[in-house]
Each structure stands twice: as structure tokens, then as C-alpha cells.
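Next, two complexes with chain A in common: one pairs it with chain B, the other with chain C.
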Partner chain A sequence: MIPEGDLLHVVTRDAISPARRAAGRLLIWGSFALLVGVALVQALNAAGRLDLGLANWRPTLYAYAVWATCLCIGQVVLKGEQGKRLVFVLPAALFTVAMVIFPLIFGLTIAFTDWNLASLSGRKFNGWDNVRQMWADPFYWNALGNMVWYLLAIAVEYAIAFGLALLLNAEIRARRFFRVAFLLPLMLSPVAVSWMIGKSMLEARFGPLARLARWLGWENPSFFGSPEIARLTIMVMDAWTFIPLMMIMLLAGLQAIPKELTEAARVDGAGPWQSFWQVTFPLMLPVSVTAILIRIIFKLKLADIVINVTAGGPGGATDTVTSFIFREYRDRSNVGYGTLLAMVYLVLIVIFMTVLMKLADRWTRPRT
Partner chain B sequence: MSAPIFRDGEGDLGFRMTWWASRALIYGVLTLWAVICLFPIYWTVSTSFKMAPDVMQGNLIPWVDYRPAWLGWRSLGLSPDTIGAESTVRAEFLKRFANSAVTALSASALAVVLGSLAAYGLSRFSYRFGPMRNADISFFFLSQLILPPVVLALPFLVLYKELALLDTRIGLILLYTLTVLPIVIWIMRDQFASIPTELEEAALVDGLSVWGAFLTIILPIAAPGMVAAFILSLVLTWNEYFFAALLTSTKAVTLPVMVASQTGSQGISWWSMAALSFAAILPLIVIGILLERFIVKGMAAGAVK
Partner chain C sequence: MKVELYEIAMRRGLSRRRLLQTAAGAGAAAAMGGVFTGASVRPAWAQGNLRAEILKIPGVGMGSPTDADWQKVGEMCLGPTKERVAAGEFAGVELTFMGLNNQNLHNFLFRGFLKPWEAYTGAKINWIDLAQADYNARLQQSIATGTVDFDIIEMGAPFEGDTAGRGLLDEMPDWVKDQIEADDLVGYLQPPVGTWDGKSYRITIDGDCHTFAYRKDYFGPGAIGGETVPTTWEEVNAVSKALVGKTDPLTGLAAHGFLDPLKGWGGFGFYFLEDRAAAYAKHPDDPAWLFDPETMKPRVNNPAWVQAIQDVMDLIATPGAYPADQINADPGTTAFSQFLAGTGSMLTWWGDVGSNARTSDSSVVGDVVGFSINPGATRVYNSRTGEWETPAGGVNFAPNMAYIGWGIYVTARVSGDEKKRKAAWSAAAHLGGKDISLWMSAYPSGFQPYRNSHFIYEEWEAAGYDREFVEDYLGSNLDSYNHPNAAIEPRIPGIFQYYSIAEDELAKGYAGQYASAQETADAIAAAWERITDQIGRESQIALYKASLGM
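For the complex of A and B:
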């Protein structure tokens, strides 16, 4: 656990005069009133009550920026030394709140509408219709089912990444070359990878991998023909890009293990197999759990490769939730329904990750 | 010739055999994986210099199997004979490239500034925002990592339309900053926790303010971590496709979106696609080779406690 908070405890004696305090309050509340005022005027303008000719909501955005700045300055004016400390966290917090909380609330209000950007009529509240539609939508459930398959593939990725990390940690020459080479797939843009591998190397007639498959005895190699093979291909491509991430984390974990421990195990007569399972692996458990959790988080966002290589096909076999919603918007402009699907996905993820983190916490806690 | 006096015993010979066998196995596996990692890149580079028959015959080695031609790069307007001439494709490519560079660099810089400040504050002082204490605030920031982009995508699409931020670089920069902010905070928290507080205490005693101590004492020490966070953010934002595909249409289109749109129009002009793909990944390959140390450091931070 990273130690946090109150490490730098300094007692300060700020003599803040009442006048200064009043100025601080005025700054904060004045700018806040400005924000509320601008937002109100804009709302009236949007509703058609006032005709100011404002084309967009930019003024409200600027007012928010002004208020955020005044809030930060006001803290210092109002609280002196304590305020200066607040200013460290405040900008990031204000930024995140504006960029996450507000859109999320806004998203909730469109999730229950029949808003379609292609239709002429505006949005209309339609209650639980979207939920009912989702319940009966086989493609959404299919996409969620696919996510389970994709998540299970992480076990294999983890095994490979661990093996590679062990190799890189061994006494080898040209370690830097191998490390850079192994790291490169992570640096490549998934879109470029989908062309480089998905569209050209796996191309059934001329692609080098198709040639290799034919040479190995596969009559008509088709990597996206049947649902199972297509899903497997996507899994392999995604694994190719993200194995380095887990590998580097595991490598860092391996390098943090003191040499004395494995040496002591060897002196006690443990073979390499035994010393790995009895010493190295248990010590690596916390790092492994962190690496796998981060990998799961990235896996749940998997979309770029699917969108660009298979577009979900054949028959939705490779669809992820993200790529499905992407097409729901791109092909049908169905903003309301798509947002609801995304919100449901978010709820599922939050529940899943909370359970997972609780379990991980229990597993990695040292047994006493 | 008499037998050597000192020689390896039977047991030692067996040991050396297994040692050589394990060496061969280790290097064999390492080489195999290096080939798996590097071959797609090599394939892309070589294909960008091929002509149609070479692609169909699957020729692999330049000058032996086939004669390199500038075909792919000519279609991008980047070959030696077209580099001087006007080229709409090149202009388009450079515009996308500039968009990608500007958004990725500014978003990473903004995220590093905001994230470092927050991480430093959280690692040194205790806060209370209502019921939230330091651990909760940290969790609030880090939990943004879980948020899937698709949840924000559609609300942002509508919001940006209202704010006239659709298809602008600023809109993308703000969103990208949000997506990499938790990672920056994760890395920097780890960095600041490893710096002893005695340094600031000494600086405070010497009369510096909290911010003065942070800017003049702590920042230089934490700079390698900040570079690591910056590079990692750069990688993620440069490659980002999902938001860019939804929120840009003409002006602010980034490189991944351009690559993806070219893939759609399959004219089997593999050489030009290969050239485009390679041009899109080249900056990060260079960064990966030169700054590998920082990337590894960034990813390892937080994994080991």
C-alpha cells in the first residue's frame, strides 16, 4: 500500500483578516453566480424564450472555466496555507468532474429516450422501452457472451507473458534487443495492426500467414470464415498487442524479488521447477493480480481491431459490446438506445470489477 | 599423448550438456518470439516497396526475391521523385499527421501537469471533500480507468455538438486528457511516494513555500517518472481510434481514422496501404526504440509495491 496523506505536516499560523476572507468568498460565489446566470440565460435562449442569437453553449463552458479558476484562487485567498494545498488536487478534480460526472448524468437523460439522429423528430422520453428492447436484443447478449470468451483468453496471455518475463529475467545476452523487440507490438496503433495483420497477413490468397497455414497442411485457410476461428483470430491479434504490457509488469515484479530467496531455495535442494512454484510464483502473486486486473480493464475496452477487421462478423461472433454499440450508432444513428446499452455495460463492469477487486484483495493479503 | 590430468568428470559432462540444451532452448524461444513481434512490421515495410506481382507471389526478401520499387510511397507522395511535386495525398497525410501529433502531445502534456499536481497533493497532504478522504479521492481518480470509452462517447457526441467542439482538436485533446489522467496519477503517485519527505521539510525550514518546494526540489527529482508518464500517455493517445472515429469528420481527423478509412476502400493497393500504415506507426517505433527505458519504467510503476 502506498502511504498517503499528511506526510508533510506543517503547522502554519495564517492570520487571515476578515476583509480577505470576504474577498475570497466574493470571488468564489460571484463567479459561481456568473456561471449559474450564464447557464440560465443559455437555457432560456435554447428554449426560445430569449432571442440572443447564441448558436451554441460555449459561453457556459467559458463560465465554468472562469468559475473553476476563481475557485482555485479563492481557496488560497480564503484559507491561506491550507488553500495552497487544496490547489494541488482541485484542478484535476474539477476537470474530471466536468468531463465524467456531467456527461454521465447527461447520458442517463438520453438513455431513456428514442433519440435517433437520423429521424427528423427530436428526442422523446420513452420510459422503459429501450430496456425492453435491450432485453429482447439477441445481438447485445451475444456481444456480452463474447466478452466472456475474450476475458477467458487472458489466462493464456498471462501464461505466455509470464514465460517471456522469466526468459528476459534469465542470464541472457542482448537483453535490451529482446526487450525492445518484445515491447514494439504495444506501441503500434490497433488500427494499423488490423490492416497489417488482419487484412494483409491473414489474407486468404497472398497473406504470408495463409501461405504458412497452407504449407502446414490446412487446405483452404480462412481465418474469418467460421465463428470460432474468427473469434480465435481476434483473440490472437489482441493478445499480440497486449502481451508486452503484462510481460513488462511481471518482469518488474521478477526483478524486485531478492536473489537471496531463490539462492536459499537452491541451497535447500529445490530444483528449478520446485523453486519456481514454491518461491517465485507465490512472491509474484500480488504483481500477477495487478497485471491481470489492468489487462482485464483494457480487454473490456476492446473494439478497434474488431471494428476494423471483422466489423463484428461473421454473424456477430467477434462482436464486443463496444464495437456493437459503435455500429448501432454509425449505421443506425440510434443515440438513445446505444447510450442505454452503454450504461448497462457500465453498471455490469462496475459490479464485475468491484467483486473482482474484493476477491483479489483477499487472495493477495499475506496469510498470517 | 597422455590423457589430461584435469578433466571433467562424467557428472560434470552431463551438467554441461543440460546447460547447453537449456541455453539453446532459451535463445530459441526468445528468437521465435522476436520474429513473431517483428515480422508484421517487416512485412509492412517490405510490402510498401513491392509491386503487384511481388505481393501475389509472396516475395519476402528485397533484392533477392524482388526489386524494391517506390510504388507505395509514390502513392503517398513521399517517394524521391514525387517529394518535390504537389501532391494532394501528401497534403492530406501531413494534415492528419499534424492533427495526431498536436492532439497527442497536448493531451499528454495537460494530463501530466494535472496528474502530477494531484498525485503530489494526494501523497503529501490530507484532504477532506465532504465524506471523501485521501484514499477515496485517489480511488475516484483511478476508477476512471475502468470507465469504458463507449459510455462517454455518445453523450460527448451530443454535448460537443451543442458546444461546437465536434471535429475540433480541442475537443479531442480534452477527451484524451481524461482517458490518460488516471494512468498518469497512478504512475506519479508511485513516484512521489518514493521521494522522502525530509527533502521538502528541509526546504520548508529554509523558507520555501509548499509550492516553491514542489517546483524547485521535488519536480527535478520526479522528472524521469514524469517523462515515463508522458511517453505512455503519448502512446495511448497517438493510437486512439474510437473517440476520433466518432467525434471527427473532416478537419480534426487523426491518423488512425485516416488509416481505417483507407482500409474500407479495398482497392487491394497493398503497397499504398502498407506505406500509410508504416508511416502511421513509425513515430512510435522510433520512440519505442529510443525511450524504451521510460516506457518500461512507466508500466512497471505501481505493479511493484
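For the complex of A and C:
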């Protein structure tokens, strides 16, 4: 074999015979036909057209595994060296398909059914009924409205995180200790935060924070009594947990800024504020946007603290979309409707994050 | 207690305590169908030493029992098992047990009790521990997806429709009935509870009802709550309002009246509105009070239920009537963080508040707590006529048999393997044994008395309980169990879905998002109608009627 062509990337140039190609194609398409056949038979069995006594979908899963393996082997048989390269990526892609795409399709089929676990009649396709129910569901819209408030709180969290990052970037005593100490809340599980802080420290009568509030002159401290204060308390607890995440990202960003730049600004006569606003902050924009986007993703999933501390109350004031879906799905076993709500929320998140990332890209692009 | 006896007692204005303390009371008690004199009591005295000995572990006032205590009790109560199972007979058998971990009780006790059983029989038990709020969902999902992965389950009677109705349970063998002495159960726990289509499935380990707990230092001559303990919800509300601005005699902090849990608790919080509503809505001539049994039309928005919701809203609207943050208090908070810790003076709860009051390390009210049946109402709504009526005795009492109590059930997973089946039933029977159950009702366990033999006050006194306290505490249970107008929970599929959505709507109502109690109740009724339609109206009607014995 004479090596020629792209010698940098291709080690050998395979001379693949037509018979080998045919074998490769046969392997791939044969196993695919097996997969389709098994899936079809199982579908007929599930629909009651065939009575094979199959209790679960494992045969289809096994057929998928056989097809995936044949596909990988088939690539090498069919394409030789190029096929081997594909095999580096293909298993991961197939695994993703199995773990994400299939469940998504399964979820979509559930979302358009009337499926209450207590119903003896089981799952029934109900078209757009769940969508119509969602449209008229005040609990869902209330939870979505609350999410707007929770998202707005990120602006304050960002400001605090930036301030802390600047402090920890400065030459202060016991800097390493403070860096670790400020990270501690992030290491706690939100469930632990719910119980330790929400249920114990904020307990209205004996909790230490309630006592402190009384000492400071608040006669009857109540951290969850009114909708506004309850929402604020949840925001503070969530912020306390996740500000360290933003802080550590921003701190990493600050440490990456060359000192020469701020020194040059100082030489040019810039004061501390000008140095921060004209030099540091613009340089930190890409990191800031990344930190905020990640925080938004975390925030949209907010549920555990709400579920444990307020159960969405008072009167739904602290409810999040996730905590509402949790109640609908878990407490009321309303699987079909709960799944639809989750699917709609997923679509909303994808749209929201796509728009946000486009905008962020535009904002952080260097102006020319 | 028989209907006529109860009515005579109420007409004469005799309190239950006075009734039991008088000679007439002794006569009345003797007439209560074997509660005090029945044959079921005699075997208890025959093994009196064992019962007395286990009640000394660890001893009343000696702090909360530990795992070592549970194991010791389990070991001492192995006698009935040894009569029916040979040592090492279940070697190689592995069972999975699904239960709760509330307040570190339930499964934690079962583990301790069953450790000696495992050592003796050779079987091994794997545990699935669930929080109360997760229980319903886990069970429903297992049922619906055909993934029942447990052989033994701690389950409430409300779920019998979901499980036994679908053939998921194993029928109880006759030897188990003998071992647990099932005829010792109090009347309302006898069949049809625990049976489905005439077959027995349940080993009862608990007898649930809500009773009224109050602080004795709030009531009496010169006390801040008034001369007498409230016996109606009207009085409860009046006292709660009158206590505003006064000081708690025990803690020196602000005094409070009744503690309504205003936050949801995975559906279980709805029982506490039921406590209030039953007095107005449970008519003595009508077994139904939640739904119309012919149509499943909710009664939750009738004037009786609206009155109960209004009572709560009245207290919410009275500043200081509730402790701060009451809107965020679930039943666990009202009982364990508030009442037992010295906040508030009145509460309805399951009986474990009684046993915890004296034996839990976190209780400060052990010496000042009193009990009676749930308050009544001076008027009762008749759903058939659509009119309010004045009850015959002046007050309509309707104790709420909330949840009917926990039981141990064996699933059909073991039905095909006789050795495994016997092992599962043996483990379950060990937990439902007559002697071990006495210990469970006397110490923190999450369970309350449920056998006639639990009401032998001498045993409690010998164990170190104060006689007056124990008569008070146990008497409130006994009176509720035997009450002729008890409000019994329907064993229909999805009952907690109804409760759960009601909690959500009530939370909105309590937060002022609905214009009135009626509007709140209407929202609950509309949601209940949707659930009934979704689950299937016809099957729900049939099951509801069956559960009411109609």
C-alpha cells in the first residue's frame, strides 16, 4: 500500500473491496431491520394486536444495543480507517440518543394523555386537553410569574458576588481562609439549607435569627407570614447558597486579568472607580455573562428549598414551576398533565436561554 | 360506647373523665362490649409479667427509647413467632419492607423489633424508608407502573382500594389471625376495614383518629383561657380570640389558642380542616360527609364545610390569634414544634401527641396536657334537607377517624413461594403482636392504641404513667373509636389527590386570594369534580358506597 494524500491525518489508505462494503452495509441495515421489526412487534403487542406475552420493552432495548454495536462495527468494515475515527464518537452519540431522545419521545407521548395513577382505566390519549387545562390553570401561571421575580433577583446576587470577588482578589489578610469560608454554602445541599436555616434558624419563636430580629426591635418576626416577605426569604436563602458559585467564577475571571492593565490605567491617572468601571468591568463581561447564564439555569430549577420550607405558600407566593409540577405529579399522581407542564417549561427554557445567549453574544462582542 | 349510653352521658353534662371515675362509669364501661371485661383481656393478664416487663423499657420519664430498647422489646415478644416458626426456618429468605421514617420512628422501630426475629428465623430484611410526604407518590407509581418492589408494606387503610382492589396483596393466612389475636381489635377496626371482597389483608398496628389536646394550665378557675375547656368549635374560636395579648403560663411568651396547620402536608394537612368540618357536616343519620354517595358530587362547598373554613379565616383575620408564621406551619410543626414545645393551648392530632407529651425529650407540656374527643358544634347541616339542624343533645360531636391507622400488608410478590410467604407474614405478625403493640402505644412510635387490651389502665399505671393522665389520654381515643357518629374516611382510590388539591386551594383562600370561604370551597369542589371524572365517576361511586357500608 502506498501512502498518499492527507498524510498528516490519515495513517493508512484503505483499499476496501466491494464485498467488504456489501458486508458492512448488510451488517448495519440488517441489524436496523431487526430493531425496526422487534419494535414493531412490541408495538403491536402493546396495542393488543398480537399476544406474545411480552411484559416489558426489554427486547427492543436489546435490539437497539445489537444495532448500535453493529453500526459501530459496520463503520469500520465499511470505511476502514475513517470508520475507526467515527467509532470514537459514535458510542457516545448513540448513548445520548438512548438516554435523552428516547425518553423525550416517551415523555411527549405521555404529555398528551390523560393518565392518573389512581385511575383503574390507565392511560388514555386526550389530544390537546392538557394544553387547554394548562392555559386555564392559575397555579401554573402564578408559578411562572414568580419565576420572573426569582430571575430578577439574580441582578442583586450578581452585584454581591462581584463585590465579594473583588474583596477576595484584593490583598487582604487571611484571604485563603475567606475564599474557603465563602464557598461553604455552595457545598451544602439545598435540602440541608432548607432545614437548618428555613426550619430552624428562621423558626419564628425560638430560631436564633428570629431572636435577633426581636432584639433589633421587630416585635413579631415572621419570615414566611406575608407573600412578599416569604418570597424575599426564599430568594435570600437561595442566594446565600448560590452566590459563592458566581463569586468563584468571577474571582477566576479577575485573577486572569493582567495586572499591567490596571497598573497602566493608574499611571494614566485613573482613580479606583474609573479603573474598575473602564477597565476591569468591561474585561469581566464575558465571565459575567457566563456566570449569570449558569445562575439562570440553576434558578429556573429552583424547587427543593421551596418544597421543604413553604410548600409554595403562602397562597402560592413562593411557588416555582418545578415545585408546582412536583406537587401535581407526586401528590396528585397526575402523570399526563404533569409531564405536559414539564415539557412546556422545557420549551420555554430552551427559547429563553437561546435568546439570552444570542443577546449576550452581541453584548460581549468586542466593538470595532 | 353504646349510642344510648353516650347520649345519656352528654345530656347529663358528664365529662368523660367523671364518667369513668364514678361507679356508674364502671358499670357503663362494663357494658361497652368487652372493652374492659371481655375475654380478650384475660390472656393479657395471663402473660402479665411480660407486658409489665416490656413497659419498663426504658421506663416512662427515662427519655426517648433507643434502638437497643426496640431490639430488647422485639426479643422479649418473640414467643408467638417461636410457637409457629422453627429456628433458622427462613434461612436464605430475603424480604423487602417499605415503610415510613417519620420523626425517626415507624421503620426505625420495625428494624429494631425485627432484628431479633431475623436472628431467630435466619431471614434477611431490606428496607425502603420513605418520608410521609413521599409515601403516596412512591406507592402510586409502584402500582401504576407495575413495579411493586417490596414484599411487606406499611400502609394506611385508605390505600386498600388501590392495592387490594387490583389484586396486589396476599390474603392473610388463618394462622396469622390466631397469632395476632385479631379479635382484640377495637370495633371500628374490625371488618370491613382491612378486608376486600370478604378477604382479610391487613395486620393492624395503629388505630387512627384525631383527638383534642389542650393545655390544662390555660383552663380552670382564674386561668387565662376561662373556667372550662371548650367543647365546641364556636367556643374554641372564642377562646382563641380572647387569648390575644395574654401570656402563656408555662413559657412566659405570648399565649395562643387553637393551632390550625395552615400549610399543606402532602394531602395529610386536609384532615385538620376535616376535624372542624366533621362537627358541622357529619349528620348522625347520614354516613356520608365528604361526597354525595349517589353522584360523588362534593359536599366540601356546602354550608357546613364553608363554616369550618370561615372559622379558620376568622382566626387568621384576628392578629395574634395564631403564632407568627402560622401560615407556614404544617401539622408536624403545630404538634411537635409548637404544642409540645409550649406554644399554643389547643390542638387536634393523632394520639401520638399523647404518648410523646410524656416520653419525648422535646416535650415541655407533659404535666399540663389534657385530652378529649374533638370539639363538636351547636348546629349540624343536613345535606339531605339542605337545612341546619339543632343536634339532639345540643352539640353534634363527630370524631374524625383520620387515616384509620397504619397496617402491615404482604404483597402478592410472595404468593408463589410458600417459604417466602410464610416468612413475610411471620415478620408482619411479629410487628402486629398483641404484646408488642402495647409497648408501641405506650412509647413514641407513631402509633396509637387500637386494641381493647390497650385500655387496661392498671398496666399503664404500673409502667409509671400518671393514672389521671392515661385515663384522659386513652379515654379520648376510646371515646372516639366507639363514638356513634364517628366520621369514617372513605377507602377510595386517589383519596389523597382530593386532599392534596384541597390543600393548594385552601392555601390560596387562607392567603386572601379568594374573596370568601365559599369561593375557596367552590374552588375545591370544582377541582374534586375534575379528579372524580379523571379517575372514573362510576367506579368511585361504587367504591365510596362500599366503604360506607351502603
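Everything below uses one rule, namely that the second predicted complex is superposed on the first by the 350 of 368 C-alpha atoms of A that agree within 3 Å, B and C clash if a C-alpha of one lies under 4 Å from a C-alpha of the other, contacts with A are read in each partner's own complex, and residues count from 1 in each chain.
FYI, a contact is a pair of C-beta atoms (placed from the backbone, for glycine too) under 8 Å apart; a residue touches a chain by one contact, two chains touch by 3 or more.
Quick caveat, the model's predicted, so the values are computed rather than measured.
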Quick one: classify A:F206 as touching chain B (first), chain C (second), both or neither. both
Is A:M353 touching the first partner chain B, the second partner chain C, both, or neither of them? first
Considering only touches as defined above, state whether A:A317 meets chain B (first), chain C (second), both or neither. second
Go through the superposed model and pick first if A:P282 touches only chain B, second if only chain C, both, or neither. neither
Per the contact definition in the header, classify A:G37: touching chain B only (first), chain C only (second), both, or neither. neither
Is the number of chain A residues in contact higher for chain B or for chain C? B
Which residues of chain A are in contact with chain B in one complex and with chain C in the other? 55, 205-206, 329, 335
What does chain B use to touch chain A in their complex? 26-27, 29-30, 33-34, 36-41, 43-44, 47, 55-56, 58, 60, 114-115, 117-118, 120-127, 129, 133-135, 137-138, 140-141, 144-159, 162-164, 174-175, 177-178, 181, 185, 189-190, 193, 197, 200-201, 204, 209-211, 214, 235, 238-239, 241-242, 245-246, 255-257, 259-260, 263, 266, 270, 273-274, 277, 280-281, 284-285, 287-289, 292, 295-296, 299-300, 302-305
Considering the complex alone, what residue numbers of chain A touch chain B? 1-8, 10, 55-58, 61, 81, 84-89, 91-93, 95-96, 99-100, 103-104, 106-107, 110, 163-164, 167, 170, 172, 176-197, 199-201, 205-206, 208, 211, 240, 245, 248-253, 256, 286-287, 290-291, 297, 300-301, 303-304, 307-308, 321-322, 325-326, 329, 335, 338-339, 342-343, 345-346, 349-350, 353
Applying the document's contact rule, which stretches of chain C touch chain A when the two form their complex? 133-134, 136-137, 140-141, 143-144, 146, 162, 165-166, 253, 262-267, 323-328, 330, 337-338, 341, 343, 493-494, 496-497, 500-501, 504, 507-513, 531, 534-536, 539
Contact footprint of chain C on chain A as seen in their complex: 55, 114, 116-122, 139, 203-206, 220-225, 227, 230, 309-317, 327, 329-335
